[in-house]
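This is the structure I want to talk about, given as C-alpha cells.
Chains: A, B, C, D, E, F, G and H, in written order; residue numbering restarts at 1 for each.
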Amino acid sequence: MDDLLAIGGQKIASRLFLGTGKFSANRFIPLTVEASGAQVVTVALRRVDFDHAEEDVASFVPPTCILMPNTSGARNAGEAVRLARIARAAGCGNWVKIEVIDDQKYLLPDNYETLKATEVLAAEGFVVLPYFSPDLTVARRLEKAGAAAVMPLGSPIGSNRGLRTEELLRILIAEIKVPVIVDAGIGRPSEAAYAMEMGAAAVLVNTAIATAQDPPAMARAFGQAVAAGRTAYLAGLPETSDLARASSPLTGFLYE
Amino acid sequence: MDDLLAIGGQKIASRLFLGTGKFSANRFIPLTVEASGAQVVTVALRRVDFDHAEEDVASFVPPTCILMPNTSGARNAGEAVRLARIARAAGCGNWVKIEVIDDQKYLLPDNYETLKATEVLAAEGFVVLPYFSPDLTVARRLEKAGAAAVMPLGSPIGSNRGLRTEELLRILIAEIKVPVIVDAGIGRPSEAAYAMEMGAAAVLVNTAIATAQDPPAMARAFGQAVAAGRTAYLAGLPETSDLARASSPLTGFLYE
Amino acid sequence: MDDLLAIGGQKIASRLFLGTGKFSANRFIPLTVEASGAQVVTVALRRVDFDHAEEDVASFVPPTCILMPNTSGARNAGEAVRLARIARAAGCGNWVKIEVIDDQKYLLPDNYETLKATEVLAAEGFVVLPYFSPDLTVARRLEKAGAAAVMPLGSPIGSNRGLRTEELLRILIAEIKVPVIVDAGIGRPSEAAYAMEMGAAAVLVNTAIATAQDPPAMARAFGQAVAAGRTAYLAGLPETSDLARASSPLTGFLYE
Amino acid sequence: MDDLLAIGGQKIASRLFLGTGKFSANRFIPLTVEASGAQVVTVALRRVDFDHAEEDVASFVPPTCILMPNTSGARNAGEAVRLARIARAAGCGNWVKIEVIDDQKYLLPDNYETLKATEVLAAEGFVVLPYFSPDLTVARRLEKAGAAAVMPLGSPIGSNRGLRTEELLRILIAEIKVPVIVDAGIGRPSEAAYAMEMGAAAVLVNTAIATAQDPPAMARAFGQAVAAGRTAYLAGLPETSDLARASSPLTGFLYE
Amino acid sequence: MQVTVNGKTEEIPAGISVAEYLDRREVGRDSLVVELNGTVLTRPEWPARILNTGDRLEVVRFVQGG
Amino acid sequence: MQVTVNGKTEEIPAGISVAEYLDRREVGRDSLVVELNGTVLTRPEWPARILNTGDRLEVVRFVQGG
Amino acid sequence: MQVTVNGKTEEIPAGISVAEYLDRREVGRDSLVVELNGTVLTRPEWPARILNTGDRLEVVRFVQGG
Amino acid sequence: MQVTVNGKTEEIPAGISVAEYLDRREVGRDSLVVELNGTVLTRPEWPARILNTGDRLEVVRFVQGG
C-alpha cells in the first residue's frame, strides 16, 4: 500500500503514534510498540536521579522507530526551546513535540508560547510537531512558522474523553495543509477510528494503551482501529439518510 | 485466539456478519466477503423472474460461510414462517434472520409478529436470529422463545445513522444472555467498533459496505474495526476523567 | 393564545405534566404544581396502611388540575385494568396512565401488556395514556386501540438521562396522530425544551422537579422551558449550516 | 429576584443578549427586543452610504438597553481599537464587543489580536467583552487584560450548530472569574437553556432570532429558555443515574 | 370470622359492614376506595354490604406517584 | 388448464410435472425452491408431482439481501 | 480640492467645514460619527474644522450587527 | 568548591571534569545529556571541560512520556 504519511522527510506507514508515559514498567514498551505497529514514539526528558538506578527509556523503543521527545515540563517558549535542544543533543534525531503548559488541572496548552517555540525550533531545523488547543488562526500561524504537522487535542490529556473538540478539529482538517494529528484525550479504538474517518492524518495515543490491563492487546486494537478508519476515509464514507433504505429487494415478494 | 462466538452449535471467529443487499453486481460479493472476513452472510428470497436470466446469489457466497436467509418481504409471522421453511428447503442450512416489517418508510420491525415467528421456527429446529426494535421485555421473550441470538437495530435500515438506540442496546447487552448482535444502521467502522466496545457479540453490516465505492476496501475496514472493538472490550476500556491526568512524569523538571 | 392541547375532550394550556412521586412532603405539592403551571398531575394508588396516619395526596393537588392516576405496581394487563377501575371509583375522573412493568432494574415497560390494558380500558371509556418503550408498530396499535395520547420514555424512569431514545421519538412524532408525550428520564429544562422543539405534544416530569432542592423553583424552570420549546417549534426552528454566516454586514467596512 | 449579572458597573436582569444583525427590517427590532427581555443589544458600525437613505439602527433599540457596538470588520487589533473609539464617540456608552476575524469561511476569531485589542481598550476605560475561540490560557489573559466578561463561541457564527465547544466552555466556566457569555452558534432555545444550566453567565443570540419567521415569538422563546436554564442552574441540576429510580412507591402494592 | 384485608388475614366479628369495619380501623373514609373480592364497591354500598368469612377486602388511596 | 405461478395465472397443458414445467420455462433448476399450494416440494418430488388445475406454484431463489 | 471620503476620492470646493460637507451630502447628522485622518471628531468640532486637500474622512453610523 | 547539579548545590573537589564528575556519581553515561550553564555539552567535550565554582550542571535522560 502506498498510503504513507510524509513528515519531516520521513514516510510513515502507521498512522498511530504512541506515547510511552504511564507504563507500569519499561519492559512492556517494546511489546506494546510492536503490537501497535507505531513508527513514531514519544518520550520525555527529565533530570537524572543519582540516588536511584534508572533505565534509559529510549533503549526500550525499537530502533526502527522515530523517537519524538516532548517538551513536557516547559511552562513557556524558552523552556521548550531549551528542552528541545537538549533532546536533540542525545543523538536520537531532530523531531520534537512541543508541549507548553501552565495549567495543572486540565493540562491545556499555551498556544501563544507554543507558537513562539515552534518559530524558533523550526528555524533551527527541528521537525516540530506542536501540541495545541484547536484554534484555526493559531494552526495557520503554526503552519506558517514551519510546523511539520499540527497536533490539536481531542480532550484533556489522559481524560479518555474522546473527540470533544470535534467541531474545531473538523475545521482544522479542512483548512490546514500540513498533517493534522489528534493528540490527547482519545480513550477508545472507536474514537481513534472516528478521528481517522474525519480525515485526521494520524492520532497520538498514550494513556488508553499504557494503562490498559493488557497494553499490547489494547495497542493492537488501536492499530487496527486506526487502519480501519483510514481505509474507510480513503474509500469514502457514505451519507446518512433520515429515512430507511431497504437492503433487500422491494420486488419479487411472495405476497403480491 | 480462542475468542469464538457460539451460535446454533457453530463457533464463529469473525464478529462481522455481512449482508449481500445492494451490491452493484454479484461478482463483487466473494471479494467483499473475503476482505471482510465474515463467516455469516445474509441473503433474501424472492420469486424467480422467468423473463430475465438471473443468478443464484448463494453461489457467490464462499461455501465456508454460514448462509443466513432473511424473511424480508414478510409482513406478519405467518409469512415469515413460510419464507423460512422455503429457505431451509434450499438445502443451505437452518439459520434464519427473522425480519417482519409493515412500515415502508422507516422499515421498522413488528416486534410482536417477530416474536410469534421466532416461537414457531425455534420449535421447528431453526437457528433463529430475530431482527427487532430494541425493547428489553421483547428481548427476554425472544430469548425464552428460543432465539439463538437477538438482533436489535441501531437505527433504520440503510440509514447509516449509527447507534442511535445506544441507551436501549446497552441495557440489552447487560441483561440478555444470548448474543446481542447490532443489526441495521451502522454506517462507519468507528460505529461498529463502538458497538463491540459496548459488549455487542457481533454486528451485521450491509449498506455501508455494499454501496461503498470500493466494497472490498470498506469491508476490510469494517473487519478491522470490529476486531479492534472486540479486543478493546476484552482488554477492558478505561474510565473517563473530568480532569486531565498527566502522561509525562510530574517530577524531575529542569526548572525546580 | 390558542395553542391548546386537546386530550380526552379537555383543552390543556400547559404542556408540562407533573408527577407527584418523591416529594419530601405533600405540602410542597401545591406550591410546585402552581409554579409549574401544570394542569395534568399524576398520582399512584396504594393500599392504606392502617397503622400509620396517612394523607390523601389528591387533596394536595389543586382542584383545577386533571388528576391522572397511574397503574404503577401492575405487572400485567389484568392488574393495570384492576387498578384503573379502582382509581376511577375514587371519583376523580377517568384519566389513567397505563404503566405495566416487570423489570425492577430499569423499570422498562412491557409494551405488549400495556397494549392489552389500553384496549380494555379505552373500550370502558377511560382516557388512556399509555407509558411505553418507543416502538412505531406498538404506537400504531396503541393509537388504534383508542389511546388518547402515547407516552414513550426518553430514558429510564428517574435516571435524569434525557432523550436517549431521540431517534425513535422523532419517528413517533412524525407518524403518530394522537399526541406524543415524552414521559420518563427528562432531567433538565433544556431537555424538556428540546423535546418540545422536536414536536412533542407535551412532557411529563417528576423526579427532576420533586427531588430538586427547591422544587417550586425547578418547576418554574421546567414550565418556562416547555413553553419556550413549544413557541420555538411553532415559530419554526432554523436549519443548521456547516459554515458560518455573518451576522454583521459584509459591506461598508472601513478598510476597503 | 436578586439574580443580577454585574458587568461594567451595570446590574443586568436578563441574561439573554440580543444581536441586531439580519433582521429583514429595522422595524422588527424594537418588538423583538421587547419580547426577548434583552437589556444588552449589539450593533455594528459601517460607512454611511450617501447614495441611499439609511436608518440609524440605534434609534430602533429601546433607550433602556445597553448598546454594545461590535468591531466586526476588524482584521487585527488596530482596526478593532479604531472602531471601538469611533463607536464610543457616538455617545451611546463605552461598551464594546471585540470581534477580530481574518477567516471568511468559518468567521473564527483571531484570539491573539483580540487579546491585544482588549488590553488597549480596557486601559482606555471601555467595558470590553471579547468574542473569542474558547481556550483557557487565552481566557485567563483576557481576564488579566481587563475584559469585563469573556465571550467564547459555541460554534461558528450563524451556523445554528449549538454548543459544539462544550468541553472547552465547561472548563472556562469552571476557571474564569469574570462572566462567561456564550456567543455565536446557538440555534435553539434548548441550547440556550443548556448553556445556562452549565453555568454560563449569559448567552448572546442573533441569527436564530432575527431570521425566524416570527422574530418576536422566537425572541420570547429564547428569553424563557434562558430564564429556565438559569433558574435550574441556581436550583441545582440533579445527577444522572445509569439505572432507573422509581417515582412511585415500591411498597403497598395490591399484589403482595 | 376471618377476612383478608390488604393482603393480611385478620379476625373480625361477624355481621359488621364495610363501613363499620373502616370506622373500627379509625381511617378517614373521605379519600378511600374499597374493592371487595375483586369488584369495586361504591361509597353508597359500604353501609349495606356485610362482610362474610373469607372476603378479600382492598382498601386503597391515592399516594404520591409519577 | 390454469395454474397460478408466482402470482400470475397462466395456461399450461394438462399432465405435466413440476420438473417438466420448470424445463419448459428454461430456468436453471439448481438453485430453485418450489412451493406448491403452500407446502414446500423437495427436489425429488418435482418429477413425480403432476400439476392440477388451480394449483398455486411458487418458484423462488436466493437473491441479494441484508 | 481632493479629499477621500469613505474610501472614495472626490472633488470638493476649498474652505468648507465638515458640517458643511455633511449638509451638502444631505445626510442626517444625528446618528453619524466622523473620523478625520484617523482621529475621531467630536460633534462640536464639525463646524469649525475646515477640510484640507488630501484629508481622509470617514462618516459612519450604527447598522444591524450581531 | 560549590556547583549546582540538577538544582541542588553540592561540594566537589576542584579540577575535576564533567566526565569525572559523572563517573564519581556512578551513573551510566550512555544515555545522558549534559547541559552546562544553559548550553548543551556534546559528549566529546565532557572529558575536557573542567568544572568551575558556581557552574550549573543539568544531567538529564529520556524517561517515559506522552
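Heads up, the rule we're going with is that contacts are C-beta pairs under 8 Å (C-beta built on N, C-alpha and C of every residue); 3 or more make two chains touch, one makes a residue touch a chain.
This is a predicted model, so every value here is computed, not measured.
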item: Mutual neighbours - chains that touch subunit C and subunit E alike; value: D
item: Reference interface C-E: repeating pair among A-H, D-E or B-H with over half of contacts shared; value: A-H
item: Distance from subunit C to subunit B - Cα centre to Cα centre, in angstrom; value: 34
item: Gap in Å, rounded to a whole number, between the CA centres of subunit G and subunit E; value: 93
item: Whole-Å separation of chain centres (CA-atom averages), subunit B against subunit F; value: 33
item: For subunit C paired with subunit G, centre-to-centre distance based on mean C-alpha positions, whole Å; value: 63
item: Where subunit C touches two or more other chains at once, by residue number; value: 19, 21-22, 44-47, 70, 72, 82, 105-106, 108, 156-158, 161, 206-207, 210, 247-249, 252, 254
item: For subunit F, residues that touch 2 or more chains besides their own; value: 7, 58, 60, 63-66
item: Pairs of chains in contact (touch as defined earlier), listed by label; value: A-B, A-D, A-F, A-H, B-C, B-F, B-H, C-D, C-E, C-G, D-E, D-G
item: Subunit G residues touching subunit C - in the complex, by the definition given at the top; value: 7, 58, 60, 63-66
item: For the subunit B and subunit C complex, residues of the former touching the latter; value: 102-103, 105-106, 108-112, 133, 135-138, 155-156, 161, 164-168, 171, 175
item: Parts of subunit C lying in touch with subunit E, wherever the complex brings them together; value: 19-23, 26, 29, 42-48, 50, 54, 56-59, 67, 69-70, 72, 82, 85-87, 89-90, 92, 157-158, 204, 206-207, 210
item: Residues of subunit F that touch subunit B when the two form their complex; value: 6-7, 25-28, 30-33, 35, 38, 40, 42, 58-66
item: Interface residues, subunit A side, partner subunit F - complex; value: 247-249, 252, 254, 256
